[in-house]
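In what follows, chain A forms one complex with chain B and a second complex with chain C.
Right after this comes the complex of A and B.
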């Protein structure tokens, strides 16, 4: 029994909690992509860089606050800086819309034109991010490092193995829960949220009902900015800020959106978790878990790792290809690209 | 003074060729006007000129004596003109009730009364109020579409082929409902393929050919006219 519990704790510590955290980060990022897709009708390739930009602004604000001696005690100071990050990112996205996308909207350009434009925006943001904070990795997490320490868990459970939950992980799960809940409430219950769904559903009929398209587009960008910044900052707190990491998140994010069903918010959330859990489950070495579970003479010699962590992006790719071949609409019957 | 008047309507879409060539169409409150005619006669185009989707080169549109020829489509909705497109006329991913709420988007007053009236008029909608509009049958969808348009509390209702693609029984029921809508004092202008049935309930009938008025008269008069019967109603 103790062996089984130990195996369970090891699994929770190295697979379940990390995957859950990563899934939350992906879900927030994917929600932004899916919102832009439903309202503006294109796949926004600049989403990864939007996350990076929001994070950079938040990091700079955090440093400034730290230099003033402000802190949140056990929580990271970045939480205080987050609203500023969201505000500046919203402003950047609205400016991008005003000077890039609006032109194509009035021209009623094809979706692919928007995608290419967003690719250009992505490269510009990419450069902007490096201009602001340089190409190096940054660590901006402060406050209490652990929400649940190994010692505390061992003292409580009496097990050999320990479940450790870092503050950044606990924060990620909590914030994601709140934000996703808020977003769904907004879309389902408020007049503006319903108008957004109506506009996404049938643009012409929304116009006939007197819904103002410019306002819907603005709100969509602001929501995307908020989601992307929070996702980016949480990812940065969890794994450290690396400029390239956000660019690399684009693939799992798009995989999550497509798996869940393009244009379906609930699909983006579920898809985020599917991708995250697949990546972590496939790349984890199960030697320790199996050693606890199997009789001593059957214990594995090797690492029992299906795929080396370097190949984790292949997981997103494989899932993406399978979904596009087998069920292109995704789990929740979204649109087909 | 007729409530909604389109006089000498001439024009087409954008800078394209003229589809309407001096066409006259009007409808009063508490009346149904029906536009019929062969394919490509400009029936839908004539209706869209009332909504402001057309580039009019000549002619004018007045609503209650007020010239609205140069008003944008959005502004006309505020003036009390509601339009039900022929296709894609409901929000398929939203419930029946949400569809109606979207119709009332511009209203700041309490629209529960109007919603109640619409539910009285279309009892099936009340029954299915929490169902997605995309899951309803063709006839029910048309009722949602008309209901959504009526939520704006319009004085003029424009219907583009409301019975397209529904079974004959449902068509009769829809026409009954449209008669009830008319009895609330609304001006109803519709384009119809099912010319005979539509003219039976029409107070005014317009037969358009090549963007011009070919025959005009009350629905009954047109139905009785041998020339109209022969050329447009199949004998």
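Right after this comes the complex of A and C.
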């Protein structure tokens, strides 16, 4: 029984909690892509770099606050800097809309033209991010490192293995819950949210009923900026800020959006968790878990790892391919041409 | 751009193209005179390869409006072909694990066919998906259990210099063709999955496959040596060191430089001649590459021009300009798209193999989306999408700007910040960031050209008018 519990704790510690955290970060990022898709009707390739940009602004603000001696006690100072990050990122996204996408909207260009423009925006942001903070990794997490320490857990449970929850992980799950709840409340209950859904559903009917399209588009960008910045900052707090990592999030995010169904917010959240759990489950080495579960003479020699972590892209990609082959509309019947 | 604004100029391109290419030649000569001829030739060679990649992407975007965000992966496949075709085989590695690798490949093929068989057999049944999943998992476990010991054995063979299987030791030009074939095969797979669905899906799928291909090349040491790189790829042209010893080459250099060599005493004569021979050998080798690459470029360009002029080209343009109408006329839209996607990727693959040849090495770590996907897109858009000559011009011009922008940007930053002290943090930061400015400027160029001159420098000739 103890062996089983130990195995369970190892599994929770190295698979469940990290996957849940990563799933929350992906869900927030994917929500931004899906919002842009349903209102502006294109896949935004700049999403990863938007997350990086929001994080960079937040990091710079955090450093400034730290230099003033401001801190949040056990919580990371970055939380205090987050609103500034969201504000600046919103401003940048509104500027890209004003100077890049709006023209194509008035021209009623094909969606692929928007996609290409978003690729241009992505690279400008890519340069901007490195211009502001350089190409190096940064660690900006401060405050209490652990929410649940190994010692505390061992003392409580009396097991050999320990369940450790870092502050950044607890914070990610909490913030994601709040933000997703807020977003769904906004979309379902408020007048603006309803107008947004109406616009996404049928543009012409929405215009006919007096909905102001410019306002809808503006709010969509601001929501996207907020979600992307929070997702980026949480990812950075959790795994450290690495400029390239945000570009690499693009594929899992797109996979999550398509798995859930393009244009469906609930799909983006579910898709985010599906991708995150598959990625962590497939790339985790189960040696330790199996050593506890199996009798000693059957204990595995190797790592018992299905796929090395370098190939985690492949997981998102394979899921993406399966969905495209089997059910291109995704789980929640999103849009498909 | 598939949507042609009504204000598109309809004048003949010949004059425009000639002027543009003359300006290009002038710029290269300027670099040759002010910097060095070796540098000018290096840039020219990379220009030709860039032009070829741009041509491949233009086939996809300009002819059919297919958006490929995975150019990097297809170019890397070309580089891989250089290893597996033209490197000499590592005999010990083959003995150590070659059979295992071959059997593992067989096992993978068997898994794929078994999965297809199960798919056909159980179509419509409820446990169809689970059965396929079971077959695939069993197949993966089986092939990994065959492959892994072989891989360990191969990577243990003299890891400092080999530790991989090597290649087949065949001629380099064959490797270029195989590079095209590999890229075409990858394109077929992606096209089969993503074409016929939303246009964005192809973009996302190509992004994914290119990341995976490069990840495989970085991590599968038995195949590519991974980040240890494969150096000393065979060349289709002579080596500089051999040329420097070759009598006819020394004689040639002597004859060309007879004027400047005259009147030197024998001691000086030997040293001057020696340095002249060293310089000329490097230029001669580069010229050989230029000739070879230019030949490939001209052949492929000519094929593209002929294809666009043919009934096939007219059908392709009809599909691009109005898919629904072309479909109604009985044209196989998805089939044509697949064909074009494969052809374009094959050209990128050939160019990728040529690039590895020119570098003389295969460095999986150097494949970045910025250099290999984004830059090529800027070339196509700036040059003029849909126009083959435009893509070539874009390849030349954008590569030249990309290469020269860094020194110019650095110099500009240096001049602008010269007022600050040498130890000024801001000055250092600005100097360090000159290279990122170049990315931002390229992004801005892409957006500006898309917006204000979507037909590019050399617009597509509208044959309907």
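The rule we apply is simple: the second predicted complex is superposed on the first by the 336 of 337 C-alpha atoms of A that agree within 3 Å, B and C clash if a C-alpha of one lies under 4 Å from a C-alpha of the other, contacts with A are read in each partner's own complex, and residues count from 1 in each chain.
Please note the rule applied: a residue touches a chain if its C-beta (ideal position, glycine included) is under 8 Å from a C-beta of that chain, and two chains touch if they have at least 3 such contacts.
Only a predicted model underlies this, so the values are computations on that prediction, with no experimental measurement involved.
**Q** Overlay done on chain A, so just call it for chain B and chain C: clash or fit.
**A** Fit: chain B and chain C sit side by side once superposed on chain A.
**Q** Answer with first, second, both or neither: which of chain B and chain C does A:211 touch in the superposed model?
**A** After superposition on chain A, A:211 lies in contact with chain B alone.
**Q** On chain A, which partner's contacts cover more residues, chain B's or chain C's?
**A** Chain A has more residues touched by C than by the other partner.
**Q** Contacts for A:74 in the overlay, against chain B (first) and chain C (second): which applies, first, second, both or neither?
**A** After superposing on A, A:74 lies clear of both chain B and chain C.
**Q** Using the touch definition from the top, say if A:100 reaches chain B (first), chain C (second), both or neither.
**A** It touches chain C, and chain B stays clear.
**Q** So, does A:83 touch the first partner chain B, the second partner chain C, both, or neither?
**A** neither
**Q** So, does A:112 touch the first partner chain B, the second partner chain C, both, or neither?
**A** second
**Q** Under the stated touch criterion, which partner chain does A:181 make contact with: chain B (first), chain C (second), both, or neither?
**A** neither
**Q** A:250 in the overlay: touching chain B, chain C, both, or neither? Say first, second, both or neither.
**A** In the superposition, A:250 contacts chain C only.
**Q** For the superposed model, what is the least distance in angstrom between any CA atom of chain B and any CA atom of chain C?
**A** Least C-alpha distance: 14 Å.
**Q** List the residues of chain A that touch chain B in one complex and chain C in the other.
**A** none
**Q** Considering the complex alone, what residue numbers of chain C touch chain A?
**A** 1-3, 65, 67, 69, 129, 140, 193-194, 197-201, 203-205, 207-209, 211-212, 215-216, 218-219, 369-370, 374, 377, 381, 432-433, 436-440, 442-444, 446-447, 450-451
**Q** Considering the complex alone, what residue numbers of chain A touch chain C?
**A** Of all residues in chain A, those touching chain C are 42-43, 45, 100, 103, 107, 109-113, 115-117, 119-124, 126-128, 130-131, 134, 247-248, 250-251, 254-255, 258, 262, 306, 308, 310-311, 313-314, 316-317, 320-321, 324-326, 328, 335-337.
**Q** Taking the touch rule as given, give the residues of chain B at its contact with chain A in the complex, in rising order.
**A** Interface residues on the chain B side: 73-74, 77-78, 82-83, 85, 88-94, 98, 101-103, 105-106, 148-149, 152.
**Q** Could you list, by residue number, the parts of chain A that touch chain B in their complex?
**A** Touching chain B: residues 191, 194-195, 197-198, 200-202, 204-211 of chain A.
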